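The chains carry the letters A, B, C and D, assigned in the order they are written, with residues numbered from 1 in each.
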Amino acid sequence: MHLFLKRVQIPLRIGKMANSKFEYVRNFESEDRLLPNCWIIVRIDGKNFHKYSSKHNFTKPNDARALNLMNRSAFCVMKEYKDIVLSYGESDEYSFVLRKETELHNRRGTKLLTHITSLFSSSYVFHWRDYFHDQSMLYPPYFDGRIVLYPSDNNLRDYLSWRQVDTHINNLYNTTFWNLVQKGNLTNREAQERLSGTFSSDKNEILFSEFGINYNNEPIMFRKGTILLRKKIKNPHRDKLHQVVLPIFEDMMHDEFWIQHPEILSNIP
Amino acid sequence: MHLFLKRVQIPLRIGKMANSKFEYVRNFESEDRLLPNCWIIVRIDGKNFHKYSSKHNFTKPNDARALNLMNRSAFCVMKEYKDIVLSYGESDEYSFVLRKETELHNRRGTKLLTHITSLFSSSYVFHWRDYFHDQSMLYPPYFDGRIVLYPSDNNLRDYLSWRQVDTHINNLYNTTFWNLVQKGNLTNREAQERLSGTFSSDKNEILFSEFGINYNNEPIMFRKGTILLRKKIKNPHRDKLHQVVLPIFEDMMHDEFWIQHPEILSNIP
Amino acid sequence: MHLFLKRVQIPLRIGKMANSKFEYVRNFESEDRLLPNCWIIVRIDGKNFHKYSSKHNFTKPNDARALNLMNRSAFCVMKEYKDIVLSYGESDEYSFVLRKETELHNRRGTKLLTHITSLFSSSYVFHWRDYFHDQSMLYPPYFDGRIVLYPSDNNLRDYLSWRQVDTHINNLYNTTFWNLVQKGNLTNREAQERLSGTFSSDKNEILFSEFGINYNNEPIMFRKGTILLRKKIKNPHRDKLHQVVLPIFEDMMHDEFWIQHPEILSNIP
Amino acid sequence: MHLFLKRVQIPLRIGKMANSKFEYVRNFESEDRLLPNCWIIVRIDGKNFHKYSSKHNFTKPNDARALNLMNRSAFCVMKEYKDIVLSYGESDEYSFVLRKETELHNRRGTKLLTHITSLFSSSYVFHWRDYFHDQSMLYPPYFDGRIVLYPSDNNLRDYLSWRQVDTHINNLYNTTFWNLVQKGNLTNREAQERLSGTFSSDKNEILFSEFGINYNNEPIMFRKGTILLRKKIKNPHRDKLHQVVLPIFEDMMHDEFWIQHPEILSNIP
């Protein structure tokens, strides 16, 4: 896009400066229209966030400020892209689900992917101060983006279950690991060895018996990640319902979730 | 990437939480390795920057602060991606040229495209204050990204000539247009009609005879855009040469440029 | 594939003949795994069959020999590719439907597409004599092939309805056209003008009132095209059912068809 | 393509038969325009030709009839596709090189790939009798097809060298192997073990000392494969040169070949 004026129609002959001689290079660009009637997922994922979180002293194993900043950035993306029906975030990653029928940007994958990744990235820096206050950002972070298609509602549900189970597995592991290190005085290596080969039940047991922690009482955002949904709510000062994006913390792997939020799969714009 | 720990190897049976049931969804991702032995261009382009520049009172027809912020963001990208041999920016767009032989991210197009677009976007917000000082950013901007392959050196040169001629055409038009409006007291519409069908020589004439402006004396960054190149320079305190990224303002459509900077096409990492 | 021996493992050093120097060119090949959980259609279509049918004196508007040869070739394809659950042919085109879950050739589109197109083409020549007897083939025909994915069962049904409605529209037009020309003594051009702007009902009326033809009594293969399905039938000499490929002539755009043949959508190998 | 009439323009309302309801399925097809300014290779390869050659008693290790039939089929393809500048065949595979600048079928890869694969396949069956005479074809063969792009002339030359070195390696191995089996009375397994780990020089030595065969005197078509080139020759009865496709048997890995046949890389239609 040009800053001040629409790209002008240039008369064909403008001396030796005519661009027509070089314009053939546009033909090297390729189309990438995504298959219709598929759910479109854009997933972004922090690049080198191990280092980034360490340099910025993120609290371990979960930093509520960092998670809320991720949520805020995702919120900015949803405000701009009305065809995103659900977003799901955990740790330094976020998945955006565009409705099956979307014709946004004529379903060109590259456009959808880069716009969302770009807006998420700039929002993260823009809103940093709201969450980290006096702690300065030392350098700009960046994110990996990818796009995946899912043909059926079940595939979509399984995708979201996959990410949410991943949240559970990683968070239970990390919570136990960091308790062993921070309160149990184990080295990182000792903690890793201690947890090697253990099951969920073993980790729950360690947390409870050694640190008095009932894992199920840990903050729900840490345990389940954040789901952003569009909901219609009543405005006390007005009659009409209006739509907002709300964070919720529920289990997507059970049917109840999908029954409670039928608008997700209903595919109505 | 996970924030605190490398993704853990999970024992197969962890009760009903095993992720193996859902993990099949990973097979829906597709490879996108780019054809080897081609120049890879990533071009980013401001999304809705007409509005963005207007809301942020960018000077017309060129805002040096905004252009320098673009250059700074491109500089951040080049610092991270050593395989970018040249970048070229004009207005709200920037092109990054990765050397033909790069095996970065195994030439996966989506990775290259999203990383560069993301880092450019976050850098833009991060460095805003250095250029706009007290003037706050009102909302985060975002960028469109695309990737194009060019098989031959000539194709690459023609691509860069295409962008630079575009800079010339647009800047000459915009400079004349805004002089007609700002100093000539024409309305936007009148200025547009006045310029309709004119050639370069006509616009140069208008600038000179009506506003006393010799277009060739306009700032070179406005007329030619900014080329960022890696150059080895002498460090006064040390013996060894070291590499820096330097902005230069030259004509890429002539052979001299390529003779003067043989390292660009030489394809040596 | 090599004719007589499996491709041999070659010791690394075989003098100057070592192929390792050139083998890098294999990296220029690209993967093309098709999105999982989608119906895969391969459609082949005669190339320049207007001329081919004319040179070989195909009966107009339908040549039963040519259609049966198409069916026979499709039959050969289905015998080789067990994951084709339905084929549909009309005129000089044939569509092959591979079941959603097929992992044949690891879902590589190029393999599926070229194998089917190639086998259809060679079968057409191989079986020509069975249908055209003493009439020689003058030159080898060839076919265009394409591959399309359909995410939902409804998309698949709509695709097949689209092809079958096309058969109807074209056959009704062609039948009327050739009656006007052959029995009505109109020139091609006059027939074309006579039919311009007419509806189905108009063409039915022309056929009936001018040529005494009830279109619904025309051969069903001409009117509906040929559907090839796998069916289990009883072998009189054996106890077990065995599977055969059968031609049927039914309406795919109605629900009955899909209720009567539940195995098509059931996706069981 | 429709057999007798161009696809007719159908009035919008034709009762319930209107195809417009289903036609949306066409949007699921995707474009596949190949990157411009690259050499396009289509390579076809016999599918299950180990079995095919055995069922049809092909002479081992080389069957001149089978090779000549391959050449004839490639010749048919070149006659139809004038933008093929060189073809190279060995064993049951053939590579077709389309000139860099070709705009045939608007560079749509699927079209180029399927047309060539299809025409090769049908030609193979069509011309069988000319080479195998009374020996009947038992069943139709089919071919795998793939398409690969090469950006530079060197890449193209390396590709062809790769295939020709492969011919050499395989033919030397097969010639030695079958001499050991047929004249040396070794079993297949014994011959394989005998050759395991041997170099070219060892195989040459075995052939010479045990069977009196100077490998370099073996038929050149077996040793080097067949190159088909377009050449302009003098017609004795006419003044003008006219173009023919000629088989030649030369080394493509040396510069001489490319100097002797400058028209290949010159990229003139």
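Criterion: contacts are C-beta pairs under 8 Å (C-beta built on N, C-alpha and C of every residue); 3 or more make two chains touch, one makes a residue touch a chain.
All values reported here derive from a predicted model rather than from experimental measurement.
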Co-neighbours of chain B and chain A - touch as defined: C, D
Chain located farthest away, centre of chain A as origin (C-alpha): D
Centre distance in Å when chain A and chain C are each reduced to the mean of their C-alpha atoms: 45
Distance between chain centroids, defined by C-alpha means - chain A, chain D (Å): 49
Two or more partner chains touched - positions in chain D: 28, 35-37, 149-150, 155
Of all residues in chain B, those that touch chain D in their complex: 35-38, 149-152, 155
Touch list for chain A against partner chain B, complex: 1-5, 7-8, 10-11, 13-15, 17-19, 21-26, 28-29, 44-50, 53, 58, 60-61, 63, 66, 76, 80, 91-93, 110-111, 113-115, 117-127, 137, 139-150, 155, 158-159, 161-162, 165-166, 168-170, 173-174, 177-178, 197-201, 253
Chain A-facing residues of chain D, complex: 27-28, 30-31, 33, 35-37
